[in-house]
Amino acid sequence: MRDDRENGLATIDMDGVREVGRELSNWGRWGDEDERGTLNLLTQAKVREATATVRRGASFSLSMPADEHGPHDIRTSGRFNPIHTMTRYRGDMPKGQVLDVCSSEDMLILGTHSTTHFDALAHVWYDDLLYNGFHHDTAVTAWGAERCSIQNLVPGVVSRGILVDVPRHLGVDYLAPGTRITPDILDSVLDEARITVSEGDILLLRTGTYPHHRRGADVGLSGSPGLTWECARWIRGHGIAAVCADNLAVEVLGANPGGPMIPFHMLALRDMGLLMGEMFDFEDLAEDCAADGVYECMFVACPLNIPGGVGSPLNPIAVK
Amino acid sequence: MRDDRENGLATIDMDGVREVGRELSNWGRWGDEDERGTLNLLTQAKVREATATVRRGASFSLSMPADEHGPHDIRTSGRFNPIHTMTRYRGDMPKGQVLDVCSSEDMLILGTHSTTHFDALAHVWYDDLLYNGFHHDTAVTAWGAERCSIQNLVPGVVSRGILVDVPRHLGVDYLAPGTRITPDILDSVLDEARITVSEGDILLLRTGTYPHHRRGADVGLSGSPGLTWECARWIRGHGIAAVCADNLAVEVLGANPGGPMIPFHMLALRDMGLLMGEMFDFEDLAEDCAADGVYECMFVACPLNIPGGVGSPLNPIAVK
Amino acid sequence: MRDDRENGLATIDMDGVREVGRELSNWGRWGDEDERGTLNLLTQAKVREATATVRRGASFSLSMPADEHGPHDIRTSGRFNPIHTMTRYRGDMPKGQVLDVCSSEDMLILGTHSTTHFDALAHVWYDDLLYNGFHHDTAVTAWGAERCSIQNLVPGVVSRGILVDVPRHLGVDYLAPGTRITPDILDSVLDEARITVSEGDILLLRTGTYPHHRRGADVGLSGSPGLTWECARWIRGHGIAAVCADNLAVEVLGANPGGPMIPFHMLALRDMGLLMGEMFDFEDLAEDCAADGVYECMFVACPLNIPGGVGSPLNPIAVK
Amino acid sequence: MRDDRENGLATIDMDGVREVGRELSNWGRWGDEDERGTLNLLTQAKVREATATVRRGASFSLSMPADEHGPHDIRTSGRFNPIHTMTRYRGDMPKGQVLDVCSSEDMLILGTHSTTHFDALAHVWYDDLLYNGFHHDTAVTAWGAERCSIQNLVPGVVSRGILVDVPRHLGVDYLAPGTRITPDILDSVLDEARITVSEGDILLLRTGTYPHHRRGADVGLSGSPGLTWECARWIRGHGIAAVCADNLAVEVLGANPGGPMIPFHMLALRDMGLLMGEMFDFEDLAEDCAADGVYECMFVACPLNIPGGVGSPLNPIAVK
């Protein structure tokens, strides 16, 4: 592993990813056929713990609108923002139907990663092997993910959610492009919020990036702030079941020059089997948490039931 | 109102719909600008009541797969089954990217009512006026629902869910085509399940129709079993917040000859502002309820955040 | 009609459009049920005349690529560039097919006006009436254009095409944003090219706008150069059957302050029933015409056979 | 090669395909970088010959409607029929635009092989190599066909077309499922039509299958009648540039038990580089040819300009 501490930054090359990957690996931990990874930490006891966090009954959406105002540009990123179109409106009915009823219909065209979403474990890997050692030639084919698809999440993701509000901790509206969130920062934010992490918790990582992008701020998408790869070790150590963030990729982008672009993804999805959620919106929840000082919630997110899907659009909620 | 009791059936004509509609109307009940209808019954106290129903922490998906095996045929119904396609697989990356990472991507094309879904209140109405009196010329236009869109549900639907397992009550696998579920049957099923309905509850109506359609049974889609229009009165009287069913349309189809095709929709969505969910799958939940005799659950469903949407695909869950 | 000759420009208001529309009207000219408009000028004799223009047998595509690099941005124009995606590649076959054969498949998602295309006459109108007086409430509904759809063009558009190369005439690579092409300019270009227009000819209007936009030039899309509304009179007088241009809208944009945005469209499609083609690419053809001094060709364009379509993507060709 | 002449049928196995493929190969014939195959036979002289066939100036569309009534069922064939939807109609304009103009818009979602279409040479191959020896790992990838894409046809396909009206020759409306069109039958039909084939001609093969499918006939799609693989040799010998048919696959389906499903495709697209068109409609043209006894025409077909496309929807025309 190359560990380049100039400027205090730890970059990592492919050999480093492989080495850390072996260290943090969950392969085989829940059996050779396991496709659920850290979802296995969501025990029934954990679900009960989650419901016990609900004191008021207040619910918050954690999604951004699934519309054309997202961050994608197909010419540069290969992804397009969701397309929603009405196909009938103003009460117009299909041809030949003269009815007393009026109705309307609409349609969605979207990549499963184009708005607030979960990554399936079959979304990112390296060296031809997915989480738990499945080979991509048979696991992710033209007709979908045979292994590690989003259908493994269909019973829903219910757990204790913990808001990690980094910009509020640092006294800013949103993190500057390129900001690296290190394990130290995570500890420091949680310490201020008086949260003790327990196994199966879900980290709700606020950077402010996308919500402020939608509000017109120039947030520097290509240098989106986020976790450093070293947080993978922190997450593994704390038994976190999922990390959801309001940026493009959970991890910081453009911060590993000379090495892989997204080392955290590689470690998290492939070696750890860690559930990842992206492009969330924590603005309303964060306001509420700052107001009452309670940074935990019941987190519920239910990806669509897409056979073979490698991701799913999502409207996660936090209930306090 | 024409009330044709031949064969014991109560058919209803347009004048009848209008008269019953006025009787059951919730227009103005939550203010002139209200677009949420019976969602207003989901108070914070009700959310807390819902979490209190969770005893074990077991979670059940209530969705059918969002795939091409649904019941739609665009040639006859104007709707098509969801289309899911991989756009990258086996680790192939976009053009020009020589990377250490492998990834995959996929895409969905679907009508918002084409698989398990909620109807927005802007989905069905009559006499040019939507729920709460909004006129369709300004409320549901080419660029989406300005009023009563699915975005009103974005904070999520969390309440006590009650499984009404009609086929199990009747000792069959699934209801025969044309079976009319009347208020009497609802009372009888709930009585057997020892459930007392309270305001804000969500009715989970099992007919067995779609799950058995997917398993190859000839369930007679055009005569899909379901609620009679008279159940609208029952639902209003019991303060039900939503009705979700595992058939095409909640209500029985083909059972109101000479009158409107979907009188329950007209009364429910337009006059009562009642939330409706369709094409659910209660098979796993029903097994569990039959086994432990507990027919209540925490119901959570979070439609996608679609500005102007008149429905949303959905993966609802029940937690017991 | 307000005729504001300040700066030598003739602007036109709605009353002016109506007055000129009556003057140029082709309503009833080919019968009360006619939906083909100036396509009626494409007689069999004209088709033979077109084939007689072919001297060498050289063929030129007049289309731009149907891809994501077009000029649209759904956030501002409501249109998106075509989406093309592979669904199978590298020889991968559908699930369960173990075959000796390899194959690939792909998919297109596109608005019918999003790349090189013809407008159907049902695309633009005013005062609720389409070409030949069809009312839009019955002519253009949720299930497509009942009247004046693109299917009226399905036998194909074959005629003599005449290249009007305005930038070459003016000695520039492409016209500056806002350039108004007036009848005088049309006469002058045709005069230089020694072309005498005859009834049924198709005008191929080169501005250089889109081809240079694709090559990275800042061509000022919102002020796209093109025909002034007065050219409608010139076109009617010369018996032109269609105008195809390599800009967004055939006509100049942003040049009628205080009046309708697209007065030429209104007169052409609605009053004259004139076929219009947009977003063409004449670069190769123009090179050839400049080289051999021959500005006529056999023009062939065959819109897709879309029932109810109000436009069609297109790959028109010129054969010399 | 296994040559099973039981029942007078010649079946072919993979070794046979390889052997015949070598015999009929056009690899290298037009250079090592050639991606156009038999399109190279469409010389400028051939284009002039095509225009000379136009005597009357009568034009015929050879396409079926691109709509939901096609033969596909995504559940069995992996393909869906084209989806066309209005997105604005009755003159409704985008949000916030209060304009004097009325307009409408629509959208298409379709596989490039789902209605009348051309196959690109990159559509079918075997043994990992496409036409002219390009390897599929670099030639047909997630971002489209780098080699042998439909863009090679963008200048248009113009040649002499010859209608081979098999059902009329046999005195039936359409061919029975499973009917094998052999070289002998081709000779016999052409002989009756008094047509002498010349190099670069395009064969328009009428079976009546799809047009009658659309009219409700049970044409036996899985046993679609068409060419036997032996016709590949006949086509190579006659210098045919393209074969277009009104069935699913040009070739007969279900007629090579124990061997590859589509041997003609394998020989034609991969070894010969032969252009193939499918799902045409020759009904109107055939009526006209039967009436005047002239079975030749100017054939023009212009696939869309789709970078990387492996096929294209099409509205070909015949002009007589």
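By written order: A, B, C and D. Residues from 1 in each chain.
Here is the rule we go by: contacts are C-beta pairs under 8 Å (C-beta built on N, C-alpha and C of every residue); 3 or more make two chains touch, one makes a residue touch a chain.
This one's a predicted model, so the numbers in the text were calculated from it and none came from an experiment.
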item	value
Duplicate of the C-D contact set - from B-C, A-B or A-D, the pair where over half of the pairs recur	A-B
Chain copies touching (chain A, chain C) - same or different residues, decided at half shared	same
Rounded Å distance between chain B and chain D, as computed from the means of their C-alpha atoms	45
Chain A-chain B separation of Cα centroids, rounded to whole Å	28
Junction residues of chain B - those touching two or more other chains	86-87, 89-90, 92, 94, 107, 109, 141-143
Chain D contact footprint on chain C (complex, rising order)	14, 17, 43-48, 51-52, 54-61, 63-67, 78-79, 84, 86-87, 89-91, 94, 99-113, 115-116, 122-126, 128, 136-137, 140-145, 151, 154-156, 158, 260-262, 265-266, 298, 300-311, 313-317, 319
Touching residues on chain C, where the partner in the complex is chain A	68-69, 74-75, 80-81, 83, 87-89, 92-95, 109, 141-143
Residues on chain B engaged by chain C in the complex (per definition of touch)	85-87, 89-90, 92, 107, 109
